[in-house]
């Protein structure tokens, strides 16, 4: 009745954060949570969207996508369908909100950073891996801006906290950390938790996939998730130093 | 420093649930949370989507939309833009998941119910009003099906629990129930809570809109939300009897 | 062989025009022709479309749409299909042309008014109800502009005539006024007539749905339509006073 | 103060109907009303749209389009804009309805005919030229079907009347037949009339483009239009014999 | 085993270039390669696309399309499908590149010319006919600009060489010039060759449709194509004088 | 005046072909031509597109795409623009045609293989790298099918030749093999050559980007390209053994 890969219930999969995986972007990180593999790039452009001009504030946004064969069976491309699906929209918005929580848009000046999170291989937890990797790519992009004098102040003022995310869920009544795909599809409750390095919440999204959950289950999942994010924050710091 | 409409922090706005507002749908409810006004209709069709055929299970889904001038300034129609926006996608998916939590898809047989939630007037909390009203419309549609012998068993077997939703948030450090628009835009933390009539969680979505939140704040919001959903469940039951 | 609802051939259905149905728009009218129910809102915005800039003239346009379950069976949303259908296009254009006939675009200044006509419930004659209701909403929006000094002159100069519309048709050889849905689908000839309060024509659209029609039939329908528009003009005036 | 090309007010432009202009279609007619030049092709396909299967009835539909430089200034292609405009939709629907009025869909069997009307050069009256030409192309296509034994009965049973169309309008207070572009843009009233060869009406669409019109003007325009359609019916008959 | 129309392997079909086929465009040519018939219009507009502003250079681009019944069976319109197909894209780009090879974009000033190539009737070689006709339309448009003083210098400076195109292919092992449709579909190798009047290559695109080809075959096809383009260049010059 | 990376004019960049880069697809190859990095996956599905059913033949097709930040500056996603661009269409079609040249569609049975070629990093030659890598992925997918008894015959019968591609071009008058991005943008002539392992041509596409080219230049480029493809064929064979 253990986990498919033999992990303890509160154990993360092996996580790697490979910086500068690509040569062109201002920040680029290949993040791996087990077999889940997401390329996160941060692209800096001068200027902000029209509705923000003259505000003195910068802008950070994100676009999430999956390669058609990142999954066990091939999905059609959204470019060919001519429309972005609801799941893609939802995850892109979540990543964007989460990353905006760690940056001071004033210190950014009127510049924009787009975080592209492209899933090269999926095995559960792609959105949480994407947030965790995108934070490191964003940090690198802000450092790049600082070197060119594009920031007001030091990078540390712009990126004033770290952000990481992890999935938690209940499988066969047992709360587990960092679900792989096989666990994800059988989970009774599924939750994504985004925390700062200081352990505060940025976003909490829990769903009773095949039922409902009570306060005790919710508390257990929050505990697991906060602890998991704490470990990811250490890995992020290690990657950046 | 009180609320714009003088409510206590844990007080709902006046809520009305007007059944049979429209003549054509199998279920139709005009739900009002204060000035927020959503028309929820339940449309029954024989058969299920192709990927579900032969499963013996029914299907319940939802589409949420806003009239262009439901809000203080006019928005462009998504039909004219030619694409459904991320917010619309996200809310439609939330309503669908929430309502599927209260229905036994087996008891429904291979029939489908679409819950259309169209916001006629918006003043905060449109998605939670939509879920609360859609539950009543769904209940009426299932009763309609039962009368025509389209169900396996009694409606009570099909709709085996009730579902209601409410927003909660922190404004000026104070946790508040059922935010109106003016509160929503200034909230430091914003949370939507979907509960069953028994007080269990179906969905919890919390966002640090302009910052982060700690466990104590989260607990206070959960308490407020559960209590609010309890009152809404009573109003739903009263409307249905 | 009488009408489904027992009306005389030259009798309108009960018509109501409820002003200020919504709180946000500059003009908002819920118009009902029997069971047909259309929400007409008028939204004022500064400025005009690009092709009109510098002309000194304002602009009035309209967008018509139906809620998916306004009808006896559910229709797919045009936002999800990703394209506006031909019928929607055609009716939106008709409403826009009709309303531009009652307004002096010069007196409006370089401001725009969008008339959104959303059918909440359909039972025939939705486009003619929409025109009749949109006139009242437009009038209210122009009064609103006048109060804020946004007009050149008095509202009466801007809205220099009233406009109303009604459907007429031939059923079983009998010309009838204001068809309900059951009559509409069996009509041999179907005609929409838009008139000013003074009884002049703004638009005449007649179609031999299941055949053709001669000059005598056309004349009889025109007579019926002009008389019906006259009664609607009185109801509009009563609503506005 | 006469017409730009010196015609009498009740005079058509030179009209030509060139059959078999293209080699591939079952019917193809290049119709010219003065400088207006429309290629009308009729394409026969076995079978009918899904919603009509098993009815024993055929289907006739139309698609109207303009080449980008058919007009004095270039328009963007609708294929590149990714959507069909309202004017295109409206005219396509008018042509389809008009042509269905002259055909017995039962005699057609479960076969479909698409009438493509592509404007190669525009100088006013493109929709009326299209209807007039499409009738001849449709007639040829039905003859083609008859030769292959695809009809129930003789072609004369299937195409049981002829249909032609012409525009009329009021310019400087004068009713005129068959407006060219320069007249069209200055017309106070603009009307399109579709008649059968027997002089009955199929469709009447009149618009007060820059004002309104009274019953006397409407009557004068109807007289002009019916006479014009009569002449076009003779030209159609001559072309077909 | 000869060609379907009895031509010699190195013989063009009858080619006609009819200038001023349309009255509105600055240049318009109906080009016919046998039964293939393409309307090429050149539209001059002041200004250039945004990315080119301030460069002092003009822009020439092309859009290719087929009427739905230009072919033996009817194709759906790309406007209705809501997207431009790959073949259309590919050919539009080829025509644009080819025509830019014959024009000095500096001599054009910051003006744009769009070459619309609409296939009215297709019998193989539509893209090569389009390039050959578009050159003549472009030449006329540039002459039109010169007359209005819109060019820097003489037209001869702007259009500094001529461009023509022809298809070649291998059928039953025999290299042939200017394939008609029946040859095109059975060709083992298919090649489009774009040459200047001086015999230099602008574009060479060869495909082994049902196999592969060796250097000797490629050389034979190049010889045929260059000779064919030479004859077309003479016809272009004759048409322009 | 040498090459940016010091290569000889007839020298390929370092080429790597990493098989099984992904765990899910039936074939997956990360191909690198210098800094150009393309992930090629081959997805096998039972059945063929509708137009091919009952033919007994299989189908092979390809979709090419670039990650938004594969390039020096970020491009907008085609999914968000809602349409596939011309360049993407053109390259997808080229890859599909090229790979179909190496496979016996009869030996494949009625099965389909989609070759997804996603550019993770671009530095010139992405389409030729994609073809070269996709061949290896296709080979692996066919082997996978053979193991499951999905083929008629041995894999060697299905994949009856190898296919590789390389770009060649003229820079400063010098013919060069395998252009990197900096060479590509300054090339006077640009050519893509697709060859079989036996040295026959599958596809030849040459463009005079900033001018024209004569037969001698064309011959020199063909020689370079054929030699380059020969080396790539050896690398493919080594990777597969």
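First chain written, first letter: the chains are A, B, C, D, E and F, and each begins at residue 1.
Everything that follows uses one rule, which is that contacts are C-beta pairs under 8 Å (C-beta built on N, C-alpha and C of every residue); 3 or more make two chains touch, one makes a residue touch a chain.
Every value quoted in this text rests on a predicted model; they were computed, and no experiment measured them.
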#### Entry: Partner chains shared by chain C and chain D (touch criterion as defined above)
none
### Task
Tell me which chains count as touching both chain B and chain F.
A
### Query
Which number of steps is the smallest that gets you from chain A over to chain E via touching chains?
2
### Query
Based on CA centres, what chain would you say lies at the far end from chain C?
F
### Message
What's the distance between the Cα centroids of chain A and chain D, rounded to whole Å?
### Response
59
#### Entry: Distance between chain centroids, defined by C-alpha means - chain C, chain E (Å)
50
### Task
Quick one: which residues in chain E touch 2 or more of the other chains?
82-84
### Task
Write down the ring's chain sequence, where chain E leads and chain F follows directly.
E, F, A, B, C, D
### Query
Which residues, counting only chain F, touch chain E once they are in their complex?
83-87, 89-90, 92-93, 97, 101, 161, 191, 196, 200-208, 211-215, 218, 222, 226
### Sites on chain E touched by chain D in the complex
22-25, 28, 35, 39, 41, 43, 45, 63, 65, 67-74, 77-84, 88, 114, 116, 118, 120-122
